[in-house]
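Paired with chain B in one complex and with chain C in the other, chain A is shared by the two complexes that follow.
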Partner chain A sequence: MKHALILGSLALALMSGSALADTAGKKIALSNNYAGNSWRQAMLQSWDKVTKEAVAAGVVAAADPFTTAENQATEQAAQIQNLILQGYDAIVVNAASPTAINGAVKEACDAGIIVVSFDGIVDEPCAWRIAVDFAAMGKSEVDYLKTALPNGGKLLEIRGLAGVFVDDEISKGIHAGVAENPQFEIVGSVHGDWAQDVAQKAVAGILPSLPADIVGVVTQGGDGYGAAQAFAAAGRPTPVIIMGNRQDELAWWKEQKDANGYQTMSVSIAPGVSTLAFWVAQQILDGKEVPKDLIVPFLRIDQDNLEANLAATPTGGVANVEYSQADAIAVIDGK
Partner chain B sequence: MTALRFVFAKPWLWSFVAAFGTWLVTILFTGGASTLGLSQAALTFAAFSIIVGLGQMFVVTLGPGNVDLSIPATMTLAGTVALKVMDTQDGAILLGLLVTLGVGIGIGIANYALIKLLRIPPIIATLSSSFIVQSIAIATNRGIRIKPPAVLAEFSIASFLGVPNVAWLALVISVFAWVLLEKGLFGRWVSAIGQNMRAARLAGIPVDGVRFLTYMLCAVLAAIAGFLLSCFSGGAALNMGSEYLLTSIAVVVIGGTAVAGGFANVPGIWGASLFLFLVVSMLNTYGASAGVRMVLTGVIIIAVIIAASRKAVR
Partner chain C sequence: MKLLTPDRLRLLVPALSLAVLLGAVFWLQPRTMSYTGLNLLFNLAVPIALATIAQMFVMMVNDLDLSMGTFVSFVACITATWVQSDPLLGYGALALCIAAYSAIGVVIYVRQLPAIVVTLGMSFVWGGLAVLLLPAPGGSAPDWIRAMMTAKPPFVPMAIVASVLIAAVTHWLVMRSSLGVLLRGVGGNEKTVRRAGWSVLRARAIAYALAGVFAVLAGMTLVGLTTSADANIALRYTLLSIAGVILGGGEFIGGRVSPIGAVIGALTLTLAASFLSFLKISPDWQIGAQGMILIIVLAVRLALNRREQRGARP
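Entry: the complex of A and B
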């Protein structure tokens, strides 16, 4: 992460020659629909950190974050309309809905404003999308289990928030992986709402009814520690629980690794993806040709780089990567 | 007929019938092997709903329009601030508890100040105060999870005589609430205000004082639940209270307390809290998909409420 930062500032220094000329007077806004969990807080902090440096260096004139209170599409649409009136040149959006704010996004495009959506993307064609291949993320969990548990076995699936696109995608990927690997079987599925306490409650509720030989738990992030707690409370042996990059999950994993050689992996989206969206918006303003659909890599932590990642993650926070202008250019060029 | 009358007179019975039914169906799935595990899990997680549900019950009993929507934010703030103050030190547990109570009392005062001084309807007042409270929680710790002190973490997941400690705590609080409601003057006053506020005022009941104390009681109970939940689940999270908004209202209604106010019911809160946990466990156990699960949960809850309310308030 430090590495990326140094690279970033280096790139900044190198790029400022060309970038300064075109975007120094431009204003970028962040329209964010929700701030009520640690991932979103980390996302906002990354935005704050990276854009402040960029503004100080004169790359852009302003990069102001705005968050709606209620996580409602109507509210976010109104917010975007305000941002249009305030004269921003680009709006970076983490959307409450992939479709419901399309009208406002179209208005922004028509007003000549660049709209870049990320994480919660919008399907309005005039906007750019920085998407995560969530299905691939789900499938990568099963791919890992295939090597960790060559004999296969019974799995418990913890899903996210029912009815949300991301939940469906990750689950689809997991089920596709299981279909390819018939040695695995999903014997139970609960919704943990990506929250530790909800996951713990849901797992504790289904666990008594599940067979004793659960070998793995496939998750969506933010629910691994709760699952571990529930298994411990039920007095069951701990299966391979896929983690989701939260610090308490990593700390628990490290504890188990030191105590009994516990092995697993951890995968999630880095909250710093907001900074990637920022740089992409800056590049578009700078006149660069950018494809409308970009894919952001997910952040994966394995047995051997657990310690390094744990050390770099603030206590109680989420493992993170902040992107630099150079990273953004690499993603745009498809490298 | 007398047996039937007994059933008619006890609205809380239906929540227990429902809880027992779902419990039975769930353990049948494994032929009874899951009996102990499921029962303990149900008691553990029901405990949190019971504590917040009791507070909401007193508020709802105050009459139409009275409801506390700031419960989730209060839980989050209490858990966040208390864990930050304790900073994993066992020696600071008492301080953490005092802070928790302080948060509850403070929010209770703020809520009633909005309702009384600014004449805002409770539903709006507590909703708007919850935004402020949630923002304070975010500002306090920016979503960073601090672990609870080891002693507290252990206490909150341990059991005594096979019953989870948190359930014992919920029992103590429930007995206290039952005495307050059924045996004390305060409970009579709350019910009287809920039945007819004007009549209560004319009868010389200190209406404002009672309403004030009720909102404070609710906030304090929510704060305690938030404190316990954050110790239990290994740290406070910014969204940890969110599911308790609907739960707190649902357990009140399913438990046989009159939504229109005036009639409260403590045992029903237990039946309803156990039922709400068990119904989700049951549907998960039988592998119902999310859509089916939500529809069935809704249908079952409606059925129980109809069964309970038909026989209840006469």
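Entry: the complex of A and C
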């Protein structure tokens, strides 16, 4: 992120100030389909914080969030049509379905409204998509292990919720990474459902059948702390467990780091991606040429910035980052 | 001739609540007072109105259909896949769906089963079939349905034309045709209808088949609006359709229904959501506020019913 920041501010400096003032009269709305978990709550809080500042600074005239009550596509379609009527210039969407709100999205485009979808993206061609490259996220875990464990070894994989697209994608990325690095071998795979308690039970269940020399655990987030507990309970040495940015995982990592210099890394998608979508919408309104498909950067925490991230993460929450206009420009320019 | 007959009074409450809400929406957001505005405000109400009419046919014979939402979703999946790629198979499947609905009505009557239990069970069947047919959201709307739903007739937007058309056709069918009288009779007093020599079995089969027809139309028009389907696309329709019938002056028992009221009820429910969104009420409160609007309308109706009953006594 630091890298992106520098490049972003450079890009901003090059763009000069003239491009900034044109969106002062524009109104942006957030259409969100669901608010029932900590990730979504953090997402809404990030939106609130960043857009309030943007409105106060006069970058845009308004940036109002709207959440549907029942997480239903038809309800969100109606909501988007209402937003069209309310005269918003851009609508940022976290969609209940990739296809079922296409009709409403098309209506918005036809009315000259910019539609930017993120996280839950829509496949209507007239909308912009800020997608998550989950496969690349999985692969980045193996890339880290390659440097942390140059000799390779046996890995345990903890997967997410079976049958969900995200689980398949991350796992695909991990397996692709392992295929490229034959010094690693995945000797076991369990489903942790992105929950610490489930992961702990699943890992405890499979451990007796696994060889003693497990060197690493590749995960999907929300399962690293549970895995660590299972290894400790079995009296086994703790392997390198990739973490997923949850507060309990980071707290455990910090504890181990202070006690015995434990090293790992943590990666996940920051809920603040909503603010990235906000800035992308603002940039499009500003007249910038933006490709229809953008990729969200992951939020990666390493040994050296662990303390700062842990301090900023609320108990029971997820490490977050709010994006700035400069970050958005960097993402748009593919930096 | 009394101007305010009980039936007209019954229709007056939903009509007035729709008018009041519409006035409030116009005042809050003058942009809606236009051709496109009205269309955007009401076009998603068209499938809901059709589903409400379907529910009304079931409620007319004293039953309740808890599978409406999943059935409409399933129809939407068929429409976005088979009807598009292989019309013969698609329309065949839709015809089978209607036949299945009729069969459900027969089974409920012959075995004297509670309709709520049977339709609740069927909701899992429809939901399962929808997932089998379309495991991931997708498909595309047949061109003619898409063209019909996005048509721009002169002066009056499509959504209004469609609503008036649905109300007129079903009003004639239920209130004016002899079939409608028979069906309402089954709901009102089944024994009398049977003693008069009519086949209650046949009447119920027809009522469920009609429900199937309108539910199929709801699914098809929904796909025309959304352009594609997913297996959960219309789950809300179960409760919306029941609320629409009740809001429009219908009763759970006694064959007392009003097709025009049902369409108005569906429009009112859609409009209530827009109204709250225009008010910028926080999402946490919106669902409760929507419930409050329902309760207020029903309370007004209850008060009127009491007056009506008091007036009926000697």
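Simple rule for what comes next: the second predicted complex is superposed on the first by the 297 of 335 C-alpha atoms of A that agree within 3 Å, B and C clash if a C-alpha of one lies under 4 Å from a C-alpha of the other, contacts with A are read in each partner's own complex, and residues count from 1 in each chain.
Simple rule for what comes next: a contact is a pair of C-beta atoms (placed from the backbone, for glycine too) under 8 Å apart; a residue touches a chain by one contact, two chains touch by 3 or more.
None of the values given here were measured: they were computed from a predicted structure.
Trainee: Look at A:64 in the shared chain and tell me whether it touches chain B only, chain C only, both, or neither; answer first, second, both or neither.
Mentor: second
Trainee: Is A:297 in contact with chain B, with chain C, with both, or with neither (first, second, both, neither)?
Mentor: neither
Trainee: Could you tell me if A:75 is touching chain B, chain C, both of them or neither one (first, second, both, neither)?
Mentor: Once the two structures are laid over each other on A, A:75 reaches chain C alone.
Trainee: What is the contact status of A:207 with respect to chain B (first) and chain C (second): first, second, both, or neither?
Mentor: Once the two structures are laid over each other on A, A:207 reaches chain B alone.
Trainee: Please work out whether A:316 is in contact with chain B alone, chain C alone, both, or neither, and reply first, second, both or neither.
Mentor: A:316 sits against chain B, while chain C stays out of touch.
Trainee: With the two complexes superposed on chain A, say which partner A:86 touches: chain B (first), chain C (second), both, or neither.
Mentor: The answer is second: A:86 touches chain C but not chain B.
Trainee: Figure out whether A:102 sits in contact with chain B (first) or chain C (second), or with both, or with neither.
Mentor: A:102 sits against chain C, while chain B stays out of touch.
Trainee: Regarding the shared-chain residue A:35, is it in contact with chain B (first), chain C (second), both, or neither?
Mentor: Once the two structures are laid over each other on A, A:35 reaches both partners.
Trainee: Same chain A residues contacting chain B and chain C, which ones?
Mentor: 35, 69
Trainee: Which residues, counting only chain A, touch chain B once they are in their complex?
Mentor: 35-42, 45, 69, 159, 162-163, 188-191, 193, 195-198, 200-202, 204-209, 225-226, 229, 233-234, 246-248, 314-317
Trainee: Flag every residue of chain A that touches chain C in the complex, lowest number first.
Mentor: 35, 64-70, 72-75, 77-79, 81-87, 97-104, 106-107, 111, 124, 165
Trainee: Where on chain C does chain A make contact in their complex?
Mentor: Counting only chain C, the residues touching chain A are 29, 31-32, 36-37, 40-41, 43-44, 47, 136-139, 222, 225-230, 232-237, 270, 273-274, 277-278, 280, 283, 286-287, 290.
Trainee: Looking at the complex, which residues from chain B come into contact with chain A?
Mentor: It is residues 26-27, 29-30, 33-38, 41-42, 44-45, 131, 134, 138, 141-147, 157, 229, 232-235, 237-240, 242-243, 277-278, 280-281, 284-285, 287, 290-291, 293-294 of chain B that touch chain A.
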